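Quick heads-up: structures coming right below.
The following pair of complexes shares a single chain, chain A, combined with chain B in the former and chain C in the latter.
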Partner chain A sequence: MEYYFGILQNIGFHTLLGLSAYLLLLTGQLSMAQVGFFAIGAYASGILTVIYGINIFLALGVGAIIASFFAFLVGFPALRIKGLMLVIATIAFSEIVRLYFFNLRWLVEKDGVEVGPDGAQGFREIRYFAANGWEPSHIVSFIWIVVILVLFALWWLDRVKAGSVLRAVGEDELAAQSSGINLTVVKVSAMTGGGFIAGIAGGLYAHSTTYVDHNSFTILLATFAVAYPILGGLKNVFGTLFAVIFIQGILIEGLRFLGDYRNLLFGLLIILVMNFYPKGLINIPIFNWSKLFKRRDL
Partner chain B sequence: MLKIKNIGKNFGGVKAVDDLSFNVDKGEIVGLIGPNGSGKSTTINLICGVFPVDFGNISVNEQNISSLPTHERVASGISRTFQNIRLFKDLSVWQNIWVALQQDSDQSSGWMREWFGNSKLQKEKIKEILVFSGLGDRFDDLAGNLSFGEQRRLELARAIASKPKLILLDEPAAGMNSDEVADLRQRILDLKKLGLTVLLVEHVMELVMNVVDRIVVLNFGKKIAEGSPENIQNNKDVQKAYLGGA
Partner chain C sequence: MFSKFKKLKLATLAFATVIAGGAVADTIKIAGWGAKSGPLRSFGVNSEAIIKAAIDRVNENGGVKLADGSMAKMSYDYYDSACNAEQGIAIARKVASETNALIGIGPTCSGVAAASFGVFQKKVGDSSDTGLQMPLLTDTAVRNGLAKISQWTFRNTPNEPDMYDKLFAWIAKTNPNIKTIYGGTETNQGHSAGTYSKVIVQAAIRHGFEWVNGPIDEVSDKIGSGFKNVLSSSSNWLMEDTNFSVQARAFKKSGADLFIVSSHPFTTCGFLKELSRMKGMPKMMVGLTSSSSAEVMKGCPKQAEGMIIPTSFAPITAAAKEVAALAAANGGSADLHSAASWENVMIIKDVIEAVGITGDPSKVNEERAKIRDGLEALETTEGLIGTVTRVQDEGEALKPFVFVHAKNGNWEVLHDPRK
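Let's look at the complex of A and B:
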């Protein structure tokens, strides 16, 4: 059971990360900074519960707000650059964040034990859940409630004008500006929102693994974050969810029995999907039941 | 209403627009013509703020807009269509209009309602604009699935949605057959009836000569002639510019 809870938790974090990148991709921004925001959320909320003894819900919220503040700051220089340049700049941001936490030592004595981030040793003993009697099933449920809330929020966004405006900016910036849309507001808002989602995901991750260090926040994770929405397709939020289940559930966990051959198949499957369904997994016929969720108004 | 005073734009030493001045009065349809590369599209882009003018200034209704960003110029009453159609192809027809729809100034419901509110109120208005543009039956289709002529009409409808006073049409008849040009001519005259002012950049003389009140002719970024369609047709300089005579 623990094993399946582990997989479910993992799919939950990755879905949140993927959705944070999805929000930015709608506006045409390919951001590798999501892992940086994820790390900020993880450390910030971890410090709040461990060192300051704050309630988990408040800590997650504050962690997400801090992450979204950094995303807001990243949003402005990101306005001026696009495509590969934006990828490189955001990789640089994520690396700065990772190296900052690699060097961060903030140890405080609590009940005779030193707790807090300890540089390269990582940040251990983020034990809020265990200390407050949460069962693994509670933790999994909590994570998935958050995932479902975020999925719902982004699904709803597509039914109001803001969603169409985000997509309009992603499709054609000049046409969007010429229709009276303020690009700065739209792109910075998307970055801030994406940072908030990644920040919550980071907080959840830190508390359910009880241990984070700089190795948890490498560029590989940022690559996964953008791969999910691209592989899943940007038609709606469910594409990202399918892609995470496909990669984390089927390719990584389901094919474990293949040993090292798994990696070969992994790459092959992604190439096949992108060749046959360039607009994403969401367009594969077996997922047609997703039409149930299609906009049906008018 | 549109006053262009001594504007200029250089691209790496090439004077794309050179000391250009002209006015467009309220309710007028003015044609902007000239051979390829004469600076017509650059002029449109300068008026819309795609890039800033190097010198000179542009004003609309006595308000200097030379340094405003594009989206604020839209708010001050300028909208446009593009030479190469630029629709939001993965959005539906009605969403293309929705994106450009400006909030009523008398409706002080605030931005929350505007961006996150229900679409029902706005759908009436969107429908009205689409019916006016002859796209009433294409409401729910994806913009990318429309025919070429319909895409042009949708672009024009989107330009109307931002409630402009001045509308800039950048070669709207490019690639159209003569029936479609006749339809377009009627649509431009309909805009005039609504009280809009139109600046039309066009190569298709069949359209220009039959719709505009006045013509401005450019060559090498400079104005070489201005006047009624009849005067322009008989102007020696214009004939020379088009035929390439010495």
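Let's look at the complex of A and C:
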């Protein structure tokens, strides 16, 4: 079972990462900064549990707050740009974060062993779960409780007025502004909220894998983060979940036996899905759940 | 001649022995994993080719002897971890929980090893630690000091500090005209950058070589000293780079007698081609252990001509020559990384025979622990080019090595420090 628990863990934190991008996409912001917030959450919570010996719940919370603080800061300059320029600017932010951690060396001796971030050598021994007797079933349950809470929060958000405001900004900024919506508040709030979710995801990722380094937070992961909600569909929050299951569960794990051909098929399947279901996996008839989860028209 | 009664008694006794000892298997399974896709796929391809050859050899010789004296065949499954930490961890969990494999060989990438070793139980018998409990004997991931992350993880990889120390001692003795050094590395590759900035440069300084632009602050002969300053004083590149003109120009401009090129084959060749194009070749070049492979000889044999590398594998013995041929027959190549896979399979066979394994699937956890204990107890093992000393408390190996240099499109032995 441990293997399947491991896959569920992967699907869990990738879903959170995708949801952080989903929140921004609702406001029309295509952000590649999510991986930067994810990295901040991973390193911050890892440092807190490994170096300071802080409880995982507190560490994840603080990591997410730090990530959301940086997201808040990024949110303001991001107001001035959109489209491809926003993509470039947020890639630059993620690269700054990645290179910061690439150079971060903060080693502390614990029980005769040096622990902490060690530049290009990475940050090892983030073993809070195993070292505190958490069984794989406990870890996966914990991750999925967080995922379900975030899914529910975003689902609920989409069914109240705030969700309509986010979508209104995403559909047409000028019209939204003409209706009295404060673009600054909406967009910066979405960026901050997305940063918070990505920060939690990063913390869970670091503690699940027990190791992070700068290579864990490349542009490829940023691309995945925005690909999940786009591939899954923005109609509702569950599209992101379906996309993560499709990519992480089926394409990456399910096709492992194909070796190098897996990567070819991986790309081909995504192209096919995007061609046949341009509005996302959520619209595939076999799911036919879109009506069930459809947001209420306000 | 036995009486019928005696025969019946013996048959009953044998049957009872088997029942009492539990079922015995006819196959002993092991698992391997490494990068079989992505830019580092040659590591996994080579490793699997040699694991296959080694297991074929064990089975041709009758297999592995079990606790009851019967012989069982060995079999293996090899998984692609794509040099990705998440995937490496997923495979470690899969092998440990979903298969009857008694031990794993791998992973190939140091980053994956650093990550996946962390999901294993740190200290054996610590009931509060829920990490995986399955022995792992790594063949390729060479970054310094990884095995001590868990008492379940062991490595049969070379000891680079010792290799470069001996190399520079030999260069200093045999080439008194070489006085100054300069170098660079691929900074986003942990093994290349770590070995360069913490091991190689310090080893050179220890043996009297001088950095070409004057001493680097805080750098001494001590391993790891001033490593950040080493990196900032060097001309570096990234693993994904394809253009090396700035770096090659800096190397040429340095005018040093000896260049240190600490990178994997893919960028080593790119860099050397540019350096050669600029006519900037020095009197001597030293490379990273991982570059003493067939890829460099395929990619840039002319430009690498003369480069010296310490390596724990070279076809200098009959056994090593045979493994190199078998690897080629299986679509891979033998180098200091992959050749260890052969040694690992043979080590595993010997340990299984020494500790008494039944292969009974219901005892898989108990037998994994026995194999782990057997690995930890090893003091020496027989390697392809000589005896390997085990560093028992760290799970590491001290492997014999030679210095090779690129000559006429091949890696040829330049010096054997044991002689």
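List of remarks:
The working rule: the second predicted complex is superposed on the first by the 293 of 298 C-alpha atoms of A that agree within 3 Å, B and C clash if a C-alpha of one lies under 4 Å from a C-alpha of the other, contacts with A are read in each partner's own complex, and residues count from 1 in each chain.
Methods note: contacts are C-beta pairs under 8 Å (C-beta built on N, C-alpha and C of every residue); 3 or more make two chains touch, one makes a residue touch a chain.
In this text the structure is predicted, and so the values were computed from the model without any measurement.
Measured by the number of chain A residues touched, the leading partner among chain B and chain C is C. When the two structures are aligned on the shared chain, A:183 is found in touch with chain B, with no touch to chain C. In the superposition on chain A, A:172 makes contact with chain B only, while chain C stays out of contact range. By the touch criterion stated above, A:162 is placed in contact with chain B alone, chain C being left untouched. Within the complex, the chain A residues that touch chain B are 159-162, 164-165, 167-168, 171-172, 174-183, 297-298. Within the complex formed with chain A, the chain B residues making contact are 48, 50, 69-71, 74-75, 79-80, 82, 86-91, 94-96, 98-100, 102, 114-119, 122-123, 139-140, 158, 161-162.
Chain C makes touch with chain A in their complex at residues 36-37, 41, 79-80, 85-87, 89-90, 93-94, 96-98, 111, 114-115, 118-119, 121-122, 128-132, 143, 148-149, 187-190, 193-194, 228.
Taken in their complex, chain A has these residues touching chain C: 1-3, 5-7, 10, 102, 105, 113, 119-122, 124-127, 129-136, 208-211, 213-216, 252-253, 256, 259-260, 262-263.
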